[in-house]
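Reading through the structure tokens given below for one structure.
We just call them A, B, C and D in the order they show up, numbering each chain from 1.
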Amino acid sequence: MSDLAPAAREEAAPAAGGEAVSAPAVPVAAGPVAAAQPGARRTRDALHFALRNKKVVGGGIVVLAFLALGLIAPLFYDYGHSEYVGPQSSGPSGEYWFGTTTFGQDVFLQFVHGIRSTFLVGLLGGGLAALIGMTIGFVAGYVGGLVDEALNMLTNIVLVLPALAVLIILHTYIGITSVPSQALFIGIFSWPWVARAVRAQTFSLRTRDFVDLARLSGMGSGAIIRREIAPNMSSYLFMTFILLFGGSVLFAATLDFIGLGPTGVMSLGLMMNNAVHWSALQLGLWWWFLPPGLGITAIVGALYIMNVGLDEVFNPKLREM
Amino acid sequence: MRRYFARKVAIYLLTFFVAVTLNWLIPRFMPGDPVLRMLTRTSVSNPDAIAPMREYYNNVFGLDVPLWRQYLNYWAELLQGNMGISVWLFPAPVTEVILDAVPYTLALLIPSILLSWYAGNKVGALAARRKWLDNTVLPLGYALTATPYMWIAIVLAWSLAIIAGVFPVAGGYSFDLQPSWSLVFFNSLIQHWFLPFLSLFLVAFGGWAIGMRNMIIYELEADYANYLEALGAPRRLIRRYAFRNALLPQLTGLALQLGVLVAGALVTEIVFGYPGLGRLILMAIQNQDFFLLQGAFLFIVIGVLIANFVIDIVYVLVDPRTRTGMTGGAA
Amino acid sequence: MSLRVDNLKVYYRTLRGDVKALDGATFTVADGEIMGLAGESGSGKSTLSKSLIRLDTRMRLVEGGVELDGKPLPIGDQDAMNAFRFKEVSLIPQYAMSALNPTRKIGKMISELLGARGVKYSEIKPELERRLDLVGLKREVLNNYPIELSGGMKQRMVLVLSTLLNPSLLIADEVTSALDVSTQRAVAETLVEFRDREFVKSMIVVTHDISLVYQIADTIMVMYAGKLAEKAPADVVVNAPRHPYTQLLISSLPEVGVRYADRKLAGIPGSPPGLLNPPAGCRFRDRCPLAFARCVEEPPFVEVDKNHHVACWKAQ
Amino acid sequence: MRTRPRYIAALFTAVLLATTACEGGDSGSSGNSSNGGQYPRNETLYTSGSAWGPPTTWNPIVPGYATGTVGLVYEPLFIFNPEKLELEPWLAEKGEWSADNKTYTVTLRDGVKWSDDKPLTADDVKYTVELGKIKAVPYSNLWNWLASVEATDQRTVKFTFSDPRVQEWENWLYENAIVPKHIWESRSEADITTHKNEKPVGSGPYVYQAHAQDRMVWKKKDGWWAEKALNLKVAPTYVVDIVNSSNEVALGLLTSGRLDLSNNFLPGVANLLKGDFKVKTYYAEPPYMLSANTAMLIPNTTKAPMNDVAFRKALAESIEVKKIVEGVYGNIVKASNPTGLLPVYDQYVDQATVSSSGFTFDTNKAKATLAAAGYKDTNGDGKVEDKAGKPISLKLIVPSGWTDWMEAARVIAEGAQAAGLNIVAEFPDAAALDDARTAGKFDLLLNNWTGVSNTPWTYYNYLFQMPVQAQQFSANFSRYQNQAAWELVQKLSRTPSSDPAYKTTIAELQKIQLTEMPAIPLWYNGMWAQYTESAWTNWPSEAAGAPKDFPSTWNNMWELGSIKMLTQLKPVSSK
């Protein structure tokens, strides 16, 4: 569930044709327009446009609102999300905003706890995938040669393996019982497209003057990647992380839904799993299964829309569209 | 071009090799013992029976030879299409169990992948052209692609099958039918197929639509588009070119999305009680049926590899750059 | 008079306000004239060349007018302008390497483009083939995809295509910057030849390479900070420039023929003023060794000699 | 490139057209159209709740066979009547013990035939019993105490015992089906347990009709022996058993009238009964279901502190079973008697012992019991430490996906926590749990492998079986060792029900169970059964005059009388 369509674009050409194909190249950040401006002004500019971009602001507000809800709301409850506190199977009411489960658990409380897990798995899973993907992409793209070949092979293999199937297998053997470990496994299998895209980007940046200059001045490869190449792709990397975040969230929801989620913690996928298993559909307990899906859709959708907005911010050509 | 394909095939073969090895490796070094499973299943209460039965099942599952032999046997059997015997559905061969389920999964996957790709690209291209369409398709597309597959399945099952009663709630075809080449049976198949298909289609459609919309916008900023505009070419021609060029990354995207779509199909099947691979995998997990799980895993890997290869071929057919770039000659 | 530009002002819209990238240009290009257009980046030369054929979405025509062959060119109106493009005004873009649709065979693309412009491909094909011969391209390239052509081939292909309908004005934007020296020369010569054969009436060659301009251009116009600085016959500009900026520009080159490649002029201290709120008066005065009190007034772009226009108080 | 999209578009339209055409048409399948291949609704019984995987084997010897293989196709010599607690002759006409209980003679009914028209004879019975000499056959331990079997004539089989375990034998008699020698004898020893046995040839009322991934279809055969011998006729021409994809899907099928009998655990069914869904259960009110087996909390007594009876007692007192019954199950189960004996054995429960030694939920009492036994909270974390002052941390495992048990486990853990016992619920995969249970690598788990049978002996055998081995496959998962109790269990096995010692032995075992608590009985799992009357009526029910057979299609329920349910059903007359 990682890379949704928006990502396919950045990925584009290297996937099929290798370098020989002139790509509908990675559109962001490294473009001449952005590069011509000094760093501080670029950042200021980006911020300026970001705050005026409806997509970025709207998406950001939705995401932050959910984050705040997940962080704050559980603090107001003196009972746990699994406790039987109310009447069984009752619809939304003033006391139980999202109604109660068939056992009398508070759906709203489960929902806000689920949002916590959602953000956690998104941050950790997306973060890890970004880290792996970028590291491999940078190294492959900068070092080149045999290292590139080997990493490319690795990337291609992981890319073709269907991640869910692999995770199911791994789960069955190892057992994944906490959100961080779930995020870890998701991260391990979501990075390949990032690695490819970053590699292609690095490839093109590697021959730029400022990188040559840094190399001549005796800077090490690691430092060059960190100080010269990465900052020039920072906006792109940030957007990549957003996509990975959304992908991780969806992936985790899928795992939770088929019962491979963490135990003892509430997640939105688990809520759906519970609702389905306890016949909420047949018994008409819509308040049990609609909120978690809506929550995921809202968070991930808002992130994706933010991503398009950021794309417009970082890529001035698109602003007028 | 030959080099291109040779490279691709090499990667696929290597992936296959890794997948098979991984698949073979993991259960053998992880806790869990299929023999014990069978002994538990048959509820042996006679202590004397345990040792001989253990030996017997070890033999049935091919676990009574050294590891390296097991590995070679695994390959040998696999190449003959034999993936061992299911523990959960003992004594049914894994291949047989899987082959019974695969048609259903493919019937969901292939149409939903192709149609969502086609329709998504068309609509996405249209959206890039018209502001009002863009303003509706874009949010809808993002909402759809951000929707978890099972949730859309849940909503469809709840609203259309349970509340409205327009569609059946479970099964591959009506339970009062025997398979036959009749219209009634065909209708029943389609009815049971439609909702799972629709949920897969919708989510994927959203992704392709916004993907195409964004791609086109980038393509319209490409040099060739600028040049054509400077030469006064009408927008229509430029858009046509942009669409076609935008299709290529979308095609690559298709290869990338296969795994995700397969995952979507699995959870969708579970929601709709559709008798495909998804349910089989779920049961295999719950019953720790390693052999069945391995079989299903390999099957998915092979399926994805084949699909990738097909996409590679199509890519070469539609993108002259890969074709001519490799042969180096004019057509 | 082929091209007449009158007090043309084209600004870029930005968040902080208008960037006055082209702030009042008045000049003419005669029939048969190849005019070289030089200047640092940000001098307004690209803005000028772009606005003559297609304003991009951020550019705004503020005032001024353009006449081509006596007819007004509606450069502020994208749709009206379309009728003139290709047929009257044409462009060889800087990005000639990637100007051709990568997924169409070249001939097919040309035929589709012509078809869309109401020209029959079959009728023009013989002429197209002749011109391909002329630039040394095999006719088979029409059956090729752009990727099958080398950089130089693509450059020539674009040259042929852009001039196919015998436009009155051709804008060649940095046509040689991506080519090696020998190819550069060939392209430059082809430009002259096309003019000589009257495939195009007049030409504006935007370039960084003064030596190239010097070789092929009849006149050279130098821009600085959104204003015209000097326009004169090529040898006059190189050998006897009047504007201090042009003088510094020429003298800072070790010898003619070395590219200055869009770098800041090492020999001139300071940098050009921002064009968001440019100071009144001569825009070069902060860096000008000859600056004096009057320079706070804006110097007009006047003819100081025959065909020699300069915007500098000292030159008058 | 130009033609491909058009082709896809055409395909797309075709599919859309087809689907919309279907939407407009007959959405259900309950219509009375007589199209080829359609099972007539009023002759077909739709069931579910038994099969969880595609039908893949019809071999009655090894568990895992398709629903109804034993019961509808293969039949035992006797069936058990749980209402009267006695065996009823089935394939056998009668069975008699010799005076010294050393031999048992079975007389077969006359005229019983296999579905291939060959007669069922004493040889078939002898053959079936002797299959037990193969170690891989689940009932091979029969031969530990059975000496020989001989067919004295066509219809008579004589069993001679080395150790006459009366109760265990009677259990065998109804739990195992007779297979046709003439078909099975050609199979190798390995084949006996691995053969799929497609198109099974049996003596029962149904034969194989068809199967698919998600269903098993049986068709009534002509001339079932019981029609003449017992005047019993199975009503449905077809039995379609739907493979469960999940309980909630079964619920959907049930409420939409596509299912007649669901033996699924349907959460929330209590609501459905109140609502207008035309769903019926055995009882009209709580617990709605008959009790099928006892859900027990199994402590691993080889580990501390579970090896301490005081600890087990406190644990039992900490569990609020009522909360499980009401909260988790919505009252469709009953709290268990402290003895764990199922309601059918009520007559054997020694009420005096129960009231003196039974346990009840009382958190404070649990705390007191712990304190008295030396479990104190020494580090002040609110949870007691063991006697040595080390923190206790225990895991209660139930299979992932068993949603009701998962909830129940949470409730149990909650109760224990409240009493100061640090117990958390965990949900490994079902099979991983099996492994843990078999190998004794667990702290606490839930198990319910003791259900209705001909005798409480099965229950006590389950609790006390010895010797305890490294791997326990079917009984004594607590690994509780009590030689005295085990001897009583063996004694019980040898005691005929008519013997007064039968009841007193059971009472003695109850006492040991209540004082020693090798396992903690919690609630009676229901014999989940929900039926609709849209096509069939006269379902089993508590109502006067209604059939009392077990309304279940679970494997091994057929021989507890469910097969008779099929003979009682009445089709709703078609208009």
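One rule holds in what follows: a contact is a pair of C-beta atoms (placed from the backbone, for glycine too) under 8 Å apart; a residue touches a chain by one contact, two chains touch by 3 or more.
Just so you know, these numbers come straight off a predicted model, no measurement behind them.
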Chain closest to the middle [Cα centroid of all protein chains]: B
Which of B-C and A-B has more C-beta pairs touching across its chains: A-B
Subunit B and subunit C, separation of their C-alpha mean positions in angstrom: 54
Centre-of-Cα separation between subunit D and subunit C, whole angstrom: 89
Where subunit A and subunit B are represented by their mean Cα positions, the distance between them in whole Å: 22
Intercentroid distance (Cα basis), subunit D paired with subunit A, Å: 46
Multi-chain contact residues (two or more partners), subunit C: 98, 102, 147
In subunit B, residues with contacts to at least two other chains: 31-32, 162, 222, 244-245, 248, 270, 285-286, 288, 318-319, 321, 325
Where subunit A touches two or more other chains, by residue: 22, 172, 259, 276, 281-282
Footprint of subunit D on subunit A - complex, ascending: 82-84, 88-89, 102-104, 172, 175, 177, 259, 263-264, 274, 276-279, 281-283
Complex contact set, residues of subunit D against subunit A: 246-248, 251-252, 255, 266-268, 271-272, 323, 327-328, 330, 400-401, 403, 407, 410, 414, 424-429, 432
Parts of subunit A lying in touch with subunit B, wherever the complex brings them together: 1-9, 11-13, 15-18, 20-22, 24, 27, 153, 156-157, 159-166, 168-174, 193, 246, 250-251, 253-254, 257-260, 269, 272, 275-276, 281-282, 284, 286, 289-290, 292-293, 296-301, 303-305, 308, 311, 317-318, 321
Subunit B residues within the subunit D interface of the complex: 31-33, 36-37, 39-50, 52-53, 56, 60, 86, 88-92, 96-97, 100-101, 104, 111, 114-115, 118-119, 122, 161-162, 165-172, 174-180, 182, 184-185, 187-188, 190-191, 194, 244, 270, 273-275, 279-280, 283, 285-289, 318
Subunit B - residues contacting subunit A, complex: 4, 11-12, 14-15, 18-19, 22-23, 26-27, 30-32, 138-139, 142-143, 145-152, 154-155, 157-158, 162-163, 206-208, 210-211, 214-215, 217-219, 221-222, 245-246, 248-253, 255-260, 262-264, 266-267, 270-271, 281-282, 285-286, 288, 290, 293-294, 296-297, 300-301, 304-305, 308, 312, 315, 319, 321-322, 325-326
